[in-house]
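Encoded as structure tokens, the structure appears first; notes follow it.
Should a chain be cited, it is by its letter among A, B, C, D and E, assigned in written order, with residues numbered from 1 in that chain.
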Amino acid sequence: MLAYIVFILSLITIISSVFAIIAKKPANSIIFFLIIFLGTAGIFFVLQAEYLGIIQIIVYAGALLVVFVFALILVGDIPVYKKNPLKLQKTFSIILVLIFITIFWSQFGILLFLPGASNLIKFKEASDISLIARLLLKDYLLPFELASVILLCAIIGSLYIARKEAD
Amino acid sequence: MECLSHPALVLLFPLTGILWNTFFGFKFKKYAGYIASGMIFLSFLISTILFFHHSQSNVVWTKDLYTWIRVGNLDISISFLIDPLSIVMLLVVTSVSLVVHIYSIGYMKEDEGFVRFFIYLNLFVLSMLLLVSANNFLMMFIGWECVGLCSYLLIGFWYKERAPVFAGKKAFIVNRIGDFGFLCGIILIFLNFGVLDFITVSQHVNNINPVIITVICFLLFLGCIGKSAQIPLYIWLPDAMEGPTPVSALIHAATMVTAGVYLVARCNFLFGLSPCAMNLVAITGVLTAFFSATIAITNTDMKRILAYSTISQLGYMFFACGIGAYSAGIFHLATHAFFKGLLFLAAGSVMHSLSGELNIFKMGNLSKYTPYTFWTFIIAGLAISGFPGLSGFFSKDKILISAFSSGKYLLWLSGLFTAYITAFYIFRMIMLIFFTTERFDREKRQHTHESPYIMTIPLIILALLSIIAGYIPIPEYLSRVLPEPSFVLPSSTKHLLELLSVVVCLAGIVTAFLIYQKNIISSSRIKQKFLKLYTLLFNKYYVDEFYDELIVKPVNRFSLEFKNKIDDLLIDGLFVNGSGLVIKLTGLLTNLMQTGYIRHYVLFILAGMIIILVIIL
Amino acid sequence: MGILSLLIFLPVIGSIVLLFLPKEKEYHIRAIAFAFTIVTLFTGIRTLILFDSSLAGFQLVEIKEWIPNLGAKYHLGIDGISILLVLLTVFLSPICVLASSAITKSVKSFHISLLLLETAMLGVFLSLDVLLFYIFWEFMLIPMAIFIGIWGSGNRIYAAIKFFLFTMAGSVFLLFGLIALYIIHYKHTGILSLYLPDFYNTHSHLGKLFFLFISFGFAIKVPLWPFHTWLPDAHTEAPTAGSVILAGILLKMGVYGFLRIAIPVFPEESQYFAPYILGLSIIGIIFGGLVAMKQSDVKRLVAYSSVSHLGFVMLGVFSFNLQGITGSIIQMINHGINTGLLFLLVGMIYERRHTREIADINGLAVSMPRYSSIFVITTLASMALPGTNGFIGEFLCLVGGFKYNPLSGFLASLGVIVSAMYLLLVNQKVIFGRPTGNNVNLKDLSIREWIVLVPLVSFIFLIGLYPLPFIKLIETTILEYVK
Amino acid sequence: MPEIFVIRPEIIILAIALIILLLDVFIFRQWKGPITFIALVGLIFVGFQLREFFHKIDFYPAFNNNFYLTFYSTYLKILFIISGILSLLSANQYFCLMREFSGVYTSSMLFSLIGMMTLVSSKNLLYIYIGIELMSIPIYIICAYLKESSRCVESGIKYLILGSISAGFILYGISLNYIWTGSLSIDSLNVQTYSGLQLAGILLIIFGVLFKISAFPFHFWTADVYDGAPTPTTAFMSTGVKSAAYGLLALLTYRLISNKNIVYLLSFISIFTMTVGNLSAINQNNIKRLLAFSSIAHSGYILIGLISDNILGGYGMLFYLLFYTFANLGAFTIVGCLENSEDEEYGRSLGAYRGLIYKRPFLAISMAVFLLSLTGIPPFAGFIGKFIIFSAGIKSSLYCTVIIALINSVIAAYYYLRVIVFMFMHKEREEDVPMFYPFLTLSGFLVIIISLFINIYLGILPTKLLNSAYTAYLTIF
Amino acid sequence: MSLVCVFGTSLLLFCIGLIGILTRRNIIIVLLSIELMLTACNISFVAGSRLVSNIDGEIIVLFTIAISAAEAALGLSLAILWARLTGTTDIDSISLLRG
């Protein structure tokens, strides 16, 4: 049952990501991205990482996409800078990416023989939130703090960069 | 006496002369010539002392001065070898030089390079004395090269003109070709004998492979060929006549050019072991004697005729050495030094009186104006022609007799024929200069005069020497050190041969007399008859042109090509600058990859990643 | 501080003193630079007095810890191979200072470079530690390139870059070889050491390769025939002092490297490659001379003559016998003196005429007789006339060459002819003839120029006529070396 | 000893950064001088702190073995601090004539420093990821720092996009490794029996790090970003960031060196990196791009030290990084100095260096020393660095790589020499542009004189530092 | 089997993100594509966490989300700045520096 749900969610995510990439209008892309993020969150839920799923929805689908929308609004409809032909670029990109997929996918084959390969269910009964919290404040205390520094830095930077000088 | 008999003293005086004239000569310009001559006179005195001293004790002396080079077993001293051979050479050299020095005081009086001239002359004498008194090959080589240097400097004495400088260069380079052989020979001697001094080498000579000895002899003989202007390297000597005439007399007739003969004589212990080399020496000598004599027949330049004659006479000397008659060779060397020196000096006197005229067809009847010159010239001419009673007769005859007795009749015959030609061309010259009609310009006649005493007295001295030198028992004296050919002729044959050569000599003189003085045989008719031969002879067998085409030009062209194609283009252009260029161009290529587009960069990165992944996974 | 350190660092001290002098005081700068080179010269003479020529090994050795991690020590020493070169260096330096009075641009930097150059050269000859050696070896590039680049003439920048890159290309291969030796020695013994004699007789299956690398580095410096093309450019464009040092000492560093490093470290390999190297030297001797003959620039001609002369030196070195190696060292000294003199002389004429084209200069014998006599003497010494120094070296080299292989000696002897050809050509074109144009009124040598020339000329005759003391100085070492 | 102790330097720097931000906004609105001063004092203090660590603590694990304080990390941290101090001074010189200098720049740099310091102490891939991001994100800001300059902004965007992609690769690589080993510990990379999946993951991580050290084929951003960014930023990137990336790469390769494939891979990358870097630099007339490409080439050289499987290479690399920091910072400070005093485009071109010796002999000579040091000409420090690294390479029988590196250093000599030629051998052409005299402030002077001293000192007497590097490398875990 | 399917999804998303970066002109979409790549990594981590029965994978996702947000914010502000400077957000316009 869960396997089917995961499968369907994956399918949705992948298809919408393809659409997001090929969509002509940026706004449409953003809509598809919303679907992607939601689909991802769905996968998280199925994998019983509810906390992450929620965060995913809040941060990505909620905050981040809004920022993108704002940016889009701020920038406005942008004329194409130069008519650079992208055909060659596209062909090469697709070929390379296909090779990339092939390489990695062939490596995944080995996972099929692992014992837990189809085990979608959580490994422990204990709440993962508390476990995460414990780890965050113990093993990963430093990264946790540093992540905050990163955010601070990004805030200051964005402020500094995007601010129009008063003069 | 004892203290004065050190051979180094012989060298010391010219050296003093050089130093004095170099540093103070320009202040006391007038005395430069006297000082130089005085120094040579002192050298001459010392040589004489040496001679007497030595003839009393009658052994081979060696005197070490100091060690020059000592590297391992290569141990070379500056040391002197005094034996009859070197004493003869010392005496000949110092005496002729002395005369030439005195003569030059008059001859070079007006020249602005007066002091320089005497510096060079002294330097030359110094080197020549070094050469002949050396106790080992390498020291001899010093003298050998230094006389070449002096020759170069003196030929190019009038350095403002193009021709003398060019001739000097030619002389030096041709000499260097010979020196190259000599040097190689010396090194081979050292490698095989382990020593370089003559005495030790001569003692060990039997232990060495004859093939090596032959090679060494060939190489040494190459040196002789260069220095003594033998075929095929004689071409520099005629050109060397660009130098002042005293120089031609001293260097290019009397002394330096005979160094080759001296070397062969000195190395008789080597040559004696190599019949092959001996034959080569003899054949080269005869050929040279013959060919250069033929060239002299048609030449019109007084000094060049003498030059070819010198070459020819040198050929005789080699011929003598080649058949083993070393003492005859050296004897001829000595007599030749006197009469050829005299010829040149007299020729200089002629030039002096005709303000530098050289073409014998523009002279004539000079006997009227320049009696001393005339008579001395005649004496010298007779001497060289082998007129009986004069020195040339004795020495030349000795050579021819030795040749006959050695059984090489063909060589002997050509030697004899050459003697005829010699007599002919010398008297052709004498006729044209001193007899016949006056053919020189009118205004020159006003100045035509006999040379001053300072020039004529040397002529007279030399004339005397040319006469009496034949009576000095030089060969006997030399036979103490030089081997004599073993074969003896019955005295009747000997007299017959002597008679034959007298006849030949007279025939030559008479022929010249008939053609040029009496015009009984018209020279132009002969010219017409043998036009091809005449042109060939007149152009000196085209040897200069031949060398020019075969060696000089190819070397020049090759050097130029090598410089342009190999050095500049291939090595510098292609390899050095080319690699730089390739790197620069590749750099442009890598710069092209920096397109500035982010998507390109990502694409490149992705491609690189994929390539690595494909290879590794 | 030992005397060798003093020798090396005196010029550095001098350059530091100069650094603090205002650059307007040109006279003082010259005077101080000269004073320091003279003091160095005296130190050199003192070294000579302390040097015991009867001992074979290194003398006056100084050792101090330097970089223990790498096994590098501050290790100086002198022996028969280096003593003459050291003396030549300290001898030529004051002459270079004196000869540089025509330099008016950046006098201060000029003299600083000169002094630094002297240090570098002395360092190369005196270091026994490979790292130290290489540091001096490579450091020398900078002042020299600056010399050419700043005070050079005409195409100086091209020449400076070419010099720098070309010689550096050689030295990186040298570096590779040296490091390889260092590592091999470490792997054999487990000791990190950069002491040069430790590397002697190294065996490695890649020995041939390493030998080639090291030789390549040295061959470029020598310069051996196909690697010589930097030399004409560098020589031609360098200022007089630069040319003198370049020809006089720098080129010797290559040969010194062969003698000190390449051959003792790889005796078998050098035997193996000797025929090839000899072949190249002979090509250099003959073709260098022929190409010299076709040059239109006097300095280029002299530069190519260096190629030819250094060919003799290499011939001597690679004959591996006493005469050859002694000859090569003597020949190096001679070449330093003769070619140095030639460059000084050419520099003097360049100061007067501002051209080096052979076609433009003629008849100097008329306008400058004294100059011309010195010039002719020098060319004669350069073409190895017996009685001058050139002969001693060349003869010994040829003896060595013959001893090794008569054919090679024979071919090399042909150089005797070639050298006469090109040097007489210069004499003919430049010295003799009737002067035309600007050549008519030229001032003959000044007193300063006499002071510059006379010591060198006297050495021409001193070595030529009485070379024994010089030979004795190096003999013991080379005897030991040949074994 | 509490765990907080080991991260004391980072905390202090963080505190300074925050203080600066506050001061910038509230107190020093117009005059920004004290900001730099405070930052400098703080950094020097931290430096001494670290020096103390270096003498005391050879190994101290913290945060459940995820964070090690070792000699190795301390050495590198001191290096970062030095780079930070000098870059700050350089920035002070660079921005002296601009109004824009503010606390944002300083604090960003400090944030980045924290990231680097974390990076080299981490024993956990999560820490490493965070460290990389913390190191990079402030750099994006200070790249685009001059907002009016499209070049700066472009370099910021380029670096951001490409950097994020590389971070994405690292992250994906970490995930692949995690899937296979179930651990985020760096020790899980220690592959004895690896699967393709894990190897792919490891390779992706390495690619990401190679991107940071701008190795071929991940170097494309380097020139553009270095060129566009304000010069002190460039200096900081080419020294601090690069050293940090190298510190990390050394930690990774230390665990992977037994895998011959990876060694071959890295040696090939090293060959290509230096060759491409040098070749691209040859035709450059823009001095910043020239130095950028040269820094790519240097990455190639340092890689040799990394892949040679011996201590010599390790401490050679550490030594090399240190001298390189000084030489590059000195050079970039001079570049900034000249760039600032002129019309921007001209200031970056080689033409601005024409005849510098006659105008500013001190600058010219210092620049020459830095460039020669980078070339590897003795007696400057670069030579010792190269000597050790190449020795290490030969010791590991990487003959081919070392030979190519040596040939490359000749090619490099060409373009370095070109600059020197411009400075020393060309006369300043009068008709070119009006004469200008580069303006050098005290801070710029300090940077140059310190770098000069260190480059000469380390070239002649490197023993002390080599000892430190040696002890540091012994504790690489 | 199902987890492998999730891994496949993550790989595909990662690659689609790459294609987006490679082929789209708009900086904003490019930034979004980067987010897509990071999301793909997140999926991989969470699935991996299930596979190896270990919570670390989930924790790193937390950090990734935070950091990607920070990156996106910074990227967007730069894009806006660029648009303000040049009037375009075409990624090809960011090619002043080259060669």
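Assume a contact is a pair of C-beta atoms (placed from the backbone, for glycine too) under 8 Å apart; a residue touches a chain by one contact, two chains touch by 3 or more.
Computed from a prediction, not measured in an experiment: that's the story for all the values here.
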Required minimum of steps from chain B to chain E, each step between chains that touch: 1
By number of C-beta contact pairs, the top two chains: A-E
Of all other chains, the one whose Cα centre sits farthest from chain B: A
Centre-most chain, if every chain is reduced to its averaged C-alpha atoms: C
Inter-centroid spacing, chain D versus chain A (mean Cα positions, whole Å): 31
CA centroid of chain C to CA centroid of chain E, Å: 65
Centre-to-centre distance between chain E and chain D (centres being mean Cα positions), rounded to whole Å: 26
Separation of chain A from chain B, taking each centre as the mean of its C-alpha atoms, in whole Å: 102
Touching two or more other chains - residue numbers and ranges from chain C: 165
Where chain B touches two or more other chains, by residue: 580, 591, 594, 596-600, 602-603, 606-607, 609, 613, 617
Per-residue multi-chain contacts in chain A, two or more chains: 84, 89, 93, 97, 100, 103-104, 107-108, 111, 140, 143, 147, 150, 153-154, 157, 161
Chains that touch, pairwise: A-B, A-D, A-E, B-C, B-D, B-E, C-D, D-E
Chain A contact footprint on chain D (complex, rising order): 7, 14, 21, 63-64, 66-67, 104, 107-108, 111, 114-115, 118, 124, 126-127, 130-131, 133-134, 137-138, 140-141, 144, 147, 156, 176, 179, 195-197, 200
Residue ranges of chain A in contact with chain E within the complex: 2-3, 6-7, 10, 13-14, 17-18, 20-21, 26, 29-30, 33, 36-37, 40, 43-44, 47, 49, 51-52, 55-56, 59-60, 63-64, 67-68, 71-72, 74-76, 78-82, 84, 86, 89-90, 93-94, 97, 100-101, 104-105, 108, 111-112, 114, 116-124, 128, 131-132, 135-136, 140, 143-144, 147, 150-151, 153-155, 157-159, 161-162, 164
Of chain E, residues touching chain D in the complex: 7, 10, 14, 17-18, 21, 27, 30-31, 34, 37-38, 40-41, 44-45, 47-49, 51-54, 56-57, 59-60, 63-64, 67, 70-71, 74-75, 78-79, 81-82, 85-86, 91, 94-99
Residues of chain D touching chain E in the complex: 125-126, 129-130, 133, 137, 140-141, 144, 147-148, 150-151, 153-158, 160-161, 164-165, 167-168, 171-172, 174-176, 178-179, 181-184, 223-225, 227-228, 289
Of all residues in chain C, those that touch chain D in their complex: 65-70, 106, 109, 131, 134-136, 138-139, 141-142, 145-146, 149-150, 156-157, 160-161, 164-165, 168-169, 172-173, 175-176, 179-180, 182-183, 186-187, 206
